[in-house]
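Next come two complexes, and both contain chain A; in the first it sits with chain B, in the second with chain C.
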Partner chain A sequence: MADFIRNPVVALPESDPEPHFSAVELVFTDGEKDEIARRIKQYPTADGAVMWVLWLAQEKFGFLPPEVLRLVASALDLPYAQVYGVATFYTQYYKGKKGKFVLDVCTCFTCQFCGGYDMLAYLEEKLDIQRGHTTPCGTFTVQEVECLGACGSAPMLQVSNGSYVHNLTRAKVDAMLEALQQGEQLPFVSLTLPQDEDEMGGNRRTDAEASELYQTPPASRATQ
Partner chain B sequence: MPQVTIDGRVLEFEGQPRLLQFCLDHGIELPHFCYHPAMSVPANCRQCLVDIGAPMRDRATGEVRTDGEGNPVIRYFPKLQTSCSHVIADGQVIHTARTSEKVERAQQDTMEFLLINHPLDCPICDQAGHCPLQIQAYKYGPEGSRFEFRKVHKPKRVRLGPRVVLDAERCINCTRCVRFTDEISRSHQLTIIERGVKNYPITPPGVEFDEPYSMNVIDVCPVGALTSVDFRFQARIWEMTRTPSIATTHAKGSNCFLWVRDNLVLRITPRPNPEVNEYWLADEDRLCYRQFNEDRPAGPQVRNAAGTLEAVSWEQAISTAASVLEKAGAGAAFVGSARATVEDNWLLIQLAEQTGGQVVGFMEHIEAGHGDGWLRTDERAPNSEGCRRLGMTPVDGTMLRARLEDGTITALYVLEDDVIGLLSAADLQEVSVIVHHYHTTNRTLEVAAAALPAAMSAETIGTYVNLDGYAQRVRPAKVIQGASRTLMMQMGLSRADRHGTPFDRWYNETHYINCKPSWELLPAVAEALGAKVPAGGPRRIMEQISQRCDAFRGVSYKAMGLEGMPLPASIQLEAA
Partner chain C sequence: MTKAGDWPSYQRVLLPPVRDLHRLDVYRAEGGYEALGHVLTGTSPAEVIDKLKRSGLRGRGGAGFPTGLKWSFMPPPKPGVPRYLCCNADESEPGTFKDRQLMEYNPHLIFEGILIACYAMQLTAGYLYVRGEFADWIELMEHELARAYEANLVGDNILGTGFSADIFMHKGAGAYICGEETSLMESLEGKRAYPRIKPPFPAQQGIWGYPTTINNVETLACAPLIMTRGAEWFAQTGARTHPGPVLYGISGHINRPGVYEYPTGMLITDLLEIAGGMRGGKRLKALVPGGASVPVLRADMIEGVTMDADSLREAGSMMGTAGMLFLDEDTDMVAFLRRVARFYHHESCGQCTPCREGTGWMENLITRIDDGQGNLRDLDLLLDLCDQMEGRTVCALADAAAWPVRNTIRRFREDFEKRCKPAVWAA
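Right after this comes the complex of A and B.
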């Protein structure tokens, strides 16, 4: 966003890009079709399922070029333009090819105060790429994003629209990159705000078993 | 009847009207951008905010609470409401910007937001002068902008399709164009992409905005974001006069405005008529305007002894036509046209009766498979239904050719049409042809003995009947050479130098076409023959038609007015 404020230019999307996937690849399997049908049934109209099916398509194809959006539109029997509008609205849907891991570093207010830009710059330096770009090996994409709703554990980043890595430090970034390169699955970590910890007896989430509780104060502050 | 109080004015209402439309219907102006009466109500421009209060009711009894003086106690909604989406209820009290400072301030602030990234390039914008954003910014906007940062730059000059150009910077994201393609034309070719400050409407990749109704989004666009490829930078709105007329490329008879500058038709836009075309017009109906300006004849012509067409005076041309008809007598065949008005076709029938000739039918222009059941029709001429109601039938080419070959037809009188195509030039070698023509490209001219240039729908007065039996009038939008008093009066002013706008006085006479309306030509030909055909202008001709022709009973220019009138259904006529 900071770049956009300095140079507020909105580019025109490519009107007729080269397709990335062949017609043979552009199919949903029977299992996926069943899943889509099930999701459509959850909503009064098929539009309701569009975000979910886009998500499914992104997990399957890695990103959402126009030909995949057309596939989603035909699977839901929706206008292609409408699906395209939804896909461009959310930054979490990738319109272009990304690295295997997309590192969304939050630089919104709280993270900014707690060193979000330091972490972003460190990642850029360490991976030797600019924000918004992918490493030549195709493993990592670094992005600057707006608030991800984890201000209590700022600064933080998100890996490929999935796990959060909280209370970032340089050491933690190094460890995370190492783990991702080793092919380790990062755990889904949920933090409870300090003031709620006693009252909630730990975690207020319903999936508490899947979570790993951190001690407060945040590790980053403890190390300082 | 339930009542609402708007700015202290008590109004009664029926049903469940929405507040914005209700106000507009009662002449109370409210600023708005996204609301369009034909489309769904998204309430996303936030410009039509008003303050609404409802009478307080006692929870137990349901009685309206009153203050000490017996007036109902009004409790206002905590926030301002969008009037476009608000369904009014009995007893509500509404304050617009006229009586509420809060509303005035809110509308100003909304406008300030809308203008933050708007380029303010009105001096070069096609919409300037009839731009809702410009007009409402003057009326309801803030005095200046406090935004002193770089404006967001979005794509400009994007060709969405063959006929529409997008300037995304000017867009205020009202979504009218997207809703038009989703709800009205159902082509689903447009969408809003991105979000927040970056969003704008565009086609998805690989899709061209080429639907046959695409140019309607230019009209519904409340800013200059969508402009016409064809009309871009051609004229300013205040230089053109706007004349209500009827589109002539389809038999639907869509209502339109002809925009004229310097006696040239520069564009055609829709004119709302709930009975015919609502708010819309097909692209073909708009882009046909060049036919009024180009390839027009220079004056009447007669074929001379050398066999070429030679320019002559009107008197000579008319007397040549008359002598051809006189010589042919009962051998004269008359061909009407679905392009000519009801009045002209009727006069042709009268002329045929006077000369003893025969009306062999009218030219229809069917393009099978062209129609879409909406505003585009298979029939590519405006008046075939009118011809049918006058008792004419489509001309049968085979029959006509047979009669030409056996010599029973010795003269052919073609009204405002081109018979080459139906017949070949070889078929007409032995026949004297008189043609009323619009264009020099009319192929009947090759075989014509006398060519009389006729006024087109943009220059004449007359009636067309659309395929649903709806009679509508055309009015002269531009002046022809030697315009008669009838035409001048119809244009509202009797002096040619008073036509046009204050910015376009039409001093230039180069674009005055030397032609005459057929309702002047046909009586003139009849007079030269010594016959009597009703004359006196189309209004009086229509009076006679309505008296003498059951299918047009009750039709008059006054009854048709601006929006036309339905004629009795043709099925009833056939039964009778």
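Right after this comes the complex of A and C.
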């Protein structure tokens, strides 16, 4: 008989492992409830909002253990199994605890040939961990991911489902780790179109103005 | 010969060189939302669709389906029955990064395109499905969308014309398969993103069972341009059978990688030169002209080939997403194919056995060859596997996985044979 049925490799939805959060912590604030209500309104049924609410919950709790999924299910009045099913389908939802910063290094084909694996190996060596693992202090998790849609600036990585860091070099990785440890926000980096390169002084630059809230994806000339 | 016409003096329209164009005030000062105004006041929905048909616009999401025709598939509206548009900004095809550039530089062009589509097909709302990794771009667009709502360009009674349509953003969470149109609909409905069997097609039964049309971001961004500049302008830009401006995402061993806007029908060799040529003066070995799933071309196959559906088909490939990956002479094609196979194995949703198991076998076999443990007959086994996968599954991911394997092995067979153990029966 199939042994995996009695000894499942993956925790089944009905199993109730030791919770990570207490009942007191497991609530949405009024502000979050408003946000959820706003998202529900976007769809004919509350189901559609489940991905938004999972994102919200992950930002709040850091990851999505069963008790958080239950909270999401009750906020949307959906069966737990449906929420569990969605959370486990998509790779960006964390089912287990991750480091404070998750470094998603792209190694898909463009990055592969532009040094993605070198950068991954460098990170593994520098942080002394294997890909897929977290540093003992819980600060960094290093993962390998598929194409992040920024192949023009390969090799690149993404930090905690947020900032993109483009055109990686060892020096850039060093500076990034340093900045993250210092608690700095990584800036939003916009790359100019290479068609603007001549006027903008190089495709490889970061537009300083763009570093606040996306103000200035740079363009070459002002309006003609 | 190039079909792109006088491309050196081409003026960019999707990504024009205007500072801060992503801001509503700048976009409007540049004539933005005028197309919408004209369409809502002086054009009937049928005329909009007709104009689109005459423009010859073909989808930029990969399949290249004529957009006007797709829009005309929508059944006539019934009172009380909602109808939807999905704007596909999932952009996960390896080698593709043009939609992100468009969302960053010119988000209002996308919104305007969505609204024109909503008017033409008489839709209730448009969902903009963006992959979750683009969190920064989602924030940017939500910010700009709120500005558009404030200016009454979206929502109820747009610009006092009596026409209403909403735009909603949806954030994915990391699954390549969500780019497939029916999978995207499942994901929007808050489910696991398993592609649906077609028929019924989205136009009959889309999200929540209502009529739905799905278009790529860049496709929809072309709609306002066609409305203001005219169907003839569009039809005369670039290649006749596949016209219009297109965003070429150029990457790989290239001096100046990035997104370049030019007409369709550009010579591949011209694009290579525009992008600064091969890095370190190396020779080109292979080109993937339109994202991971299109067949790879050998360097000797690109002479005289232009970037449009017909020319690429003759050359033995496809336009796909126009995400062009240039690889130089040092490239290990076995390692390349190993990584591609791994991608598809990882991203298969697992519904269909030929795809779920086939992609896994592909990865295993190619890994074995890459590790020097492969046998020559493994190559034929791989080709046979491709036959077993193509056209036998719910969605096209299995085909997309089979094409690069088949063509890379055929076109670079020597590279693969060199890595295999010599045939035992040879002696």
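Criterion: the second predicted complex is superposed on the first by the 176 of 224 C-alpha atoms of A that agree within 3 Å, B and C clash if a C-alpha of one lies under 4 Å from a C-alpha of the other, contacts with A are read in each partner's own complex, and residues count from 1 in each chain.
Everything that follows uses one rule, which is that contacts are C-beta pairs under 8 Å (C-beta built on N, C-alpha and C of every residue); 3 or more make two chains touch, one makes a residue touch a chain.
Values in this document were obtained by computation on a predicted structure and should not be read as measured data.
Ranking chain B and chain C by residues of chain A touched puts C first.
Within the superposed three-chain model, A:I129 lies out of touch with both chain B and chain C [touch as defined at top].
Residue contacts after overlaying the shared chain place A:Q82 against chain B and chain C alike.
By the document's definition of touching, of the two partners only chain C reaches A:N161; chain B does not. Legend: residue contacts after superposition of the two complexes on their common chain; A:P44 is shown touching chain C, with no touch to chain B. Once chain A of one complex is fitted onto chain A of the other, the partner contacts of A:P17 are limited to chain B, with no touch recorded for chain C.
In the superposition on chain A, contact of A:A179 is made with neither chain B nor chain C.
In the overlay built on the shared chain, the residue A:F113 is in contact with chain C alone; chain B does not reach it.
Residue overlap on chain A between its contacts with chain B in one complex and with chain C in the other: 82, 85, 89. Residues 12, 15, 17-22, 29-30, 82, 91-97, 99-101, 104-105, 131-136, 139-140, 143, 166, 168, 170-176, 187-193, 208, 249-253, 256-261, 275-276, 288, 292, 323, 325, 327, 331, 335-336, 339-340, 343, 346-347 of chain C touch chain A in their complex. Residues 149-155, 158, 168, 181-182, 188-195, 197-198, 200, 202-207 of chain B are the ones that touch chain A when the two sit in their complex. Looking at the complex, you find that chain A touches chain C at residues 42-52, 54-55, 78, 82, 85-86, 89-93, 107-110, 112-114, 145-154, 158, 161-164, 188, 190-191, 193-197, 199, 203, 213-224. Partner chain B is touched in their complex by these residues of chain A: 5, 8-17, 66, 69, 79-85, 88-89.
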